[in-house]
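One chain, subunit A, links the two complexes that follow: it is found with subunit B in the first and with subunit C in the second.
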Partner chain A sequence: MSKKLLQVEQLSIALKNPHQQLIRDINISLEEASAAILLGQSGSGKTMTCRAILGLLNRNTFQVDGNIQFDGVSLLQLKEKERTLYYGSKIAFVPQNPMTSLDPSRKIGVQMAGFLKLHQDLKGKDALSLYEQALSRAGLTDTKRILGSRPYQLSGGMLQRCLIALAIAGKAKLVIADEPTTALDAIHRDKAVEQFLHLQEQGCALLIVTHDFDVARHIGGHVLIMKEGRMVEQGRAKEVLQNPQAAYTRELIEAIHLGWR
Partner chain B sequence: MLEVKNVSKQYKGEDKLLFDAVSDVSLSMADHRIYALVGESGCGKSTLSRLILGLESPSSGQILLDGKPISRKRKNNRKETAKAIQLVLQDGKSALDPHFTVYQVIAEPLRNLLALPKDKERSRVYELLDRMELSKESAAKKTGELSGGQQKRIGIARALAASPRYIVFDESISGLDVILRKNILELLKRIQEEEQCSYLFITHEIDAALYLADEIHVMQNGKLIESRRWCGNLDVFKNPYTKQLLQASHLI
Partner chain C sequence: MKSYWIKRIVRLLILLLGVSVLCFVLTALSSTDPAVYIIRRGNLSPTPEMIAQVRTELGLDQPLPVRYFNWIGGIFHGDFGESVFSTNEVAEDLARYFPQTLQLVVLSLAEIIVFSILLGVLCAAKKNKLTDHIMRIISLFGICIPPFWLGFLLLLGFAVEIPIFSVTPAPGIVGLILPSITLSFPVICSTVRVFRASLLEEMHRDYVSYARANGMTVNRILWTKALRNALPPVITLFCQYVSYLIAGSAVVEKVFSIKGVGNYLMNCIMAADANAIGACMLIIATLYLLAELFGEILNRLLCPWRKEESDVA
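Here is the complex of A and B:
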């Protein structure tokens, strides 16, 4: 039995004013180098759950209850100064649209080295070469060109790999990805999934939000189905996807197949 | 008849070199049919749609609507183009002004293109809302208050308002969850049968294209690499890239 890395217990999130319950009693348990998939329709609370784990919810707006344990530390109790120890280093985030989450005017190398310097005691040059190594470990060949490019000069898929490389360079233990394949066609989607699996092989745990069942099947691990802020069903990916118990899961799976005339 | 004849569009890329976003594409669209344009991001699908809508001019080649070229320069011509061809965008949210009410959004093309009298305008807006399975009460809501699926329906209603002959859907279903996607696709199919208009359905999801279209056109690096009439038999697709797409979507 490997070690527990992330344990979310009884997570509930509510909007403070006007009071509105958004998420109720979510439990997630993730071991080191394992994977969990959050599946559900838009508006089911998948992204909200991730944002809570990432500490991105404004406490003046949202009431967050429950317990989030990461590596033996309660993330919800973290002080402002301790946050950089975890977010962006041990816990990395791959957003849905990498294009809008990076600074379009600065070169990839400079930006990424800057991120690494925030978390590790590195000189500029060392940070850059560390990142370059990570790029090649992420399977990119023309690393020099990428380092010198600005985000708008690279494709969305390439930027996503740059962020995955950042997770590798930062020695992340957990990568949270929000809808990483939504804008990709089937071929590129499979390539992106391979990237995440590669990350997992390197000892990194994955928490992936998606509404694509093919992605869930491919990555495997533990699947959690959410509906309207609640957990409807969860279990091993194979079992849940092949033999769904909840009526809602069956409804979702049936909607995938469009067929034709 | 909407004809795209040997159209190319070049942009200045890195190092000021010209690159072809669309190169030598020909496509002719008859009335009452659904055409799907499938390809990965960056392959030139959206550029082609912008050219067809007259939002940009081709570097070479012609786009003809009933034999007359579409141009964005002549003002009168633009109105004619807008009457005949409408667009539904990918992101339902950013395609709508959040301060407009639903009524204003749908009535705008009716005013600008058809200049209907007030009572006819009102009844057309309510008819469209009904067709989109939205309540009458939603007409008074601001578009920013609506859910993603509702916004998508408003975008479709606006495109349909002036009864265009062609509607271009540019990645209109991407980013939707499976249930919403199926609902919208069923809606689109029904509407096309009722309105007898033609669709150019641009997507990277080949299963959605197969569900809707009468003709499938596959695009890669700015070129049309395969065009097939679609009659339910996957064997018609011969191009290796198309096959790869089908395989990755678990269709073959």
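Here is the complex of A and C:
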């Protein structure tokens, strides 16, 4: 049994005013170099769960209860200044919308090197070349041009890989990806999935949010099905996806097969 | 892109032409007759014959379009004509009075830039806290009060009750401190509001959450990322205020008895001095249009991605 890396216990999130329960009693347990997949339809609270783990929820607006334990530290108790020790260094994030996730006015190289310098004792040039290496590992060839481009000059697929490259360069222990394949076409999607699997091989744990069953099947690991802010079913990916127990999971899977085919 | 700038400059020239016509016509329509003004200044009571004679000397008996073309033709040769009010060449008067006003305006602009940015970021960082509420009350107050009244209050406070400054204009930059505050305070109050709103809007964008997820502190994001992206609306507003400052300096110069272009312009208006008013207005309008152009260039340099949006529109 390897070490527990991330443990989410009884996580509940509510809107404060007017009071509205958004997420109730979510439990996630993730070991080192393992993968967990959050599945569910839009509005089921997957993204909200991610944002809670990333400490992005505004505490004036949201009431967050429960416990999120990472590497022996309670993430919910972190102070603003302690965030730097975990987010961006041990926990990397790949956001949902690559087109709007970067500062539109700055060159990609400058922004990414800036993030790396927050956590690693690097000079500007070294941070840039570290990121450049990560870019080529993420499957991008035209690295010099990308470093000198601003976000609006690149396509969504390229930007998505730029974001994944930052996760690679950051040497994180846990990568949280919020629908990382939504903006991508089928070919780029498969490549992105491969990059995540590659990260996992190197000892990085994955928490991936998706509504794409193919991605879930590909990455495997532990699957958690969410509906309306609650956990409906969880288990090993193969078992849950091939032999779903909960009615809702069966409904979800059937919906795909009914579709347009 | 090139055609855009050509269009922009053509538009600028047409606007300037319009401004010159309007100035000239409006001055001619004024009820004051410069001839009467000149005769009265000579301590004589004007008779119809005297008025007719002075009008001929000034060339006022000619039809309006002819006078306009004479005047505008002169400007192309660098000749603004003669001022009725001061009996000097207008160009000479402007050379004497403009430096004073320019010093005042530049000092005010510097105050506006520094305080708008600092207070805007402060308000955004302390959103809905006590500091923010206090700043909101002060800026509402600043937007509402008339500048001349603020000028008198400052004089009363800091030159009479607590004599740090003198009531009569002191030489050098010390004498410009109170006037420049009078001029810049209302502007700072409105730019701070706009900047705060723009900053808070930026702080809700995706790139801010991404930067936070990468461990950047809120303050650092505010200063290094949101600040730059929030600037364009403020720069646009700020450049529009440049002409307000030059024109608004008229009131402030009166209150603080500074011999600048604003004071001069007020006196010329009293004398219906078409040549001088036209020249002043033309210069102010040119500065306004240049400031607007400068603001646009600055915005494009700061946020090149906005270029795409404005080119489509």
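In this text, the second predicted complex is superposed on the first by the 257 of 261 C-alpha atoms of A that agree within 3 Å, B and C clash if a C-alpha of one lies under 4 Å from a C-alpha of the other, contacts with A are read in each partner's own complex, and residues count from 1 in each chain.
As a convention for this text, contacts are C-beta pairs under 8 Å (C-beta built on N, C-alpha and C of every residue); 3 or more make two chains touch, one makes a residue touch a chain.
Worth saying up front: this structure is predicted, and the values here are computed from it rather than measured.
Give one of first, second, both or neither to describe whether A:G88 is in contact with subunit B, with subunit C, with both, or with none.
second
Tell me the contact category for A:E239 with respect to subunit B and subunit C: first, second, both or neither.
It touches nothing on subunit B or subunit C.
Quick one: classify A:D25 as touching subunit B (first), subunit C (second), both or neither.
Neither subunit B nor subunit C is touched by A:D25.
Who does A:E194 touch here: subunit B (first), subunit C (second), both, or neither?
neither
Check whether A:D214 is in contact with subunit B, with subunit C, with both or with neither, and answer first, second, both or neither.
first
Have a look at where A:L184 lands relative to subunit B and subunit C in the superposition and call it first, second, both or neither.
A:L184 sits against subunit B, while subunit C stays out of touch.
Would you sort A:D142 into first (subunit B), second (subunit C), both or neither based on which partner it touches?
It touches nothing on subunit B or subunit C.
Which parts of subunit A are touched by subunit B and by subunit C alike?
No residue of subunit A touches both subunit B and subunit C.
Which of the residues in subunit B end up touching subunit A in this complex?
Counting only subunit B, the residues touching subunit A are 14, 39-42, 147-148, 174-182, 185, 204-208, 210-211, 230, 232, 244-245, 248-250.
Tell me, which parts of subunit A touch subunit C in their complex?
51, 54-56, 80-81, 83-89, 92-93, 95, 97, 100-106, 114-115, 118-119, 150-152, 163, 166
Flag every residue of subunit C that touches subunit A in the complex, lowest number first.
So the residues of subunit C touching subunit A come out as 205-207, 209-218, 224-225, 228-229, 302-305, 308.
Across the complex, what residues on subunit A touch subunit B?
Residue list for subunit A touching subunit B: 40-43, 153, 155-156, 179, 182-190, 211, 213-214, 251-252, 255-256, 258-261.
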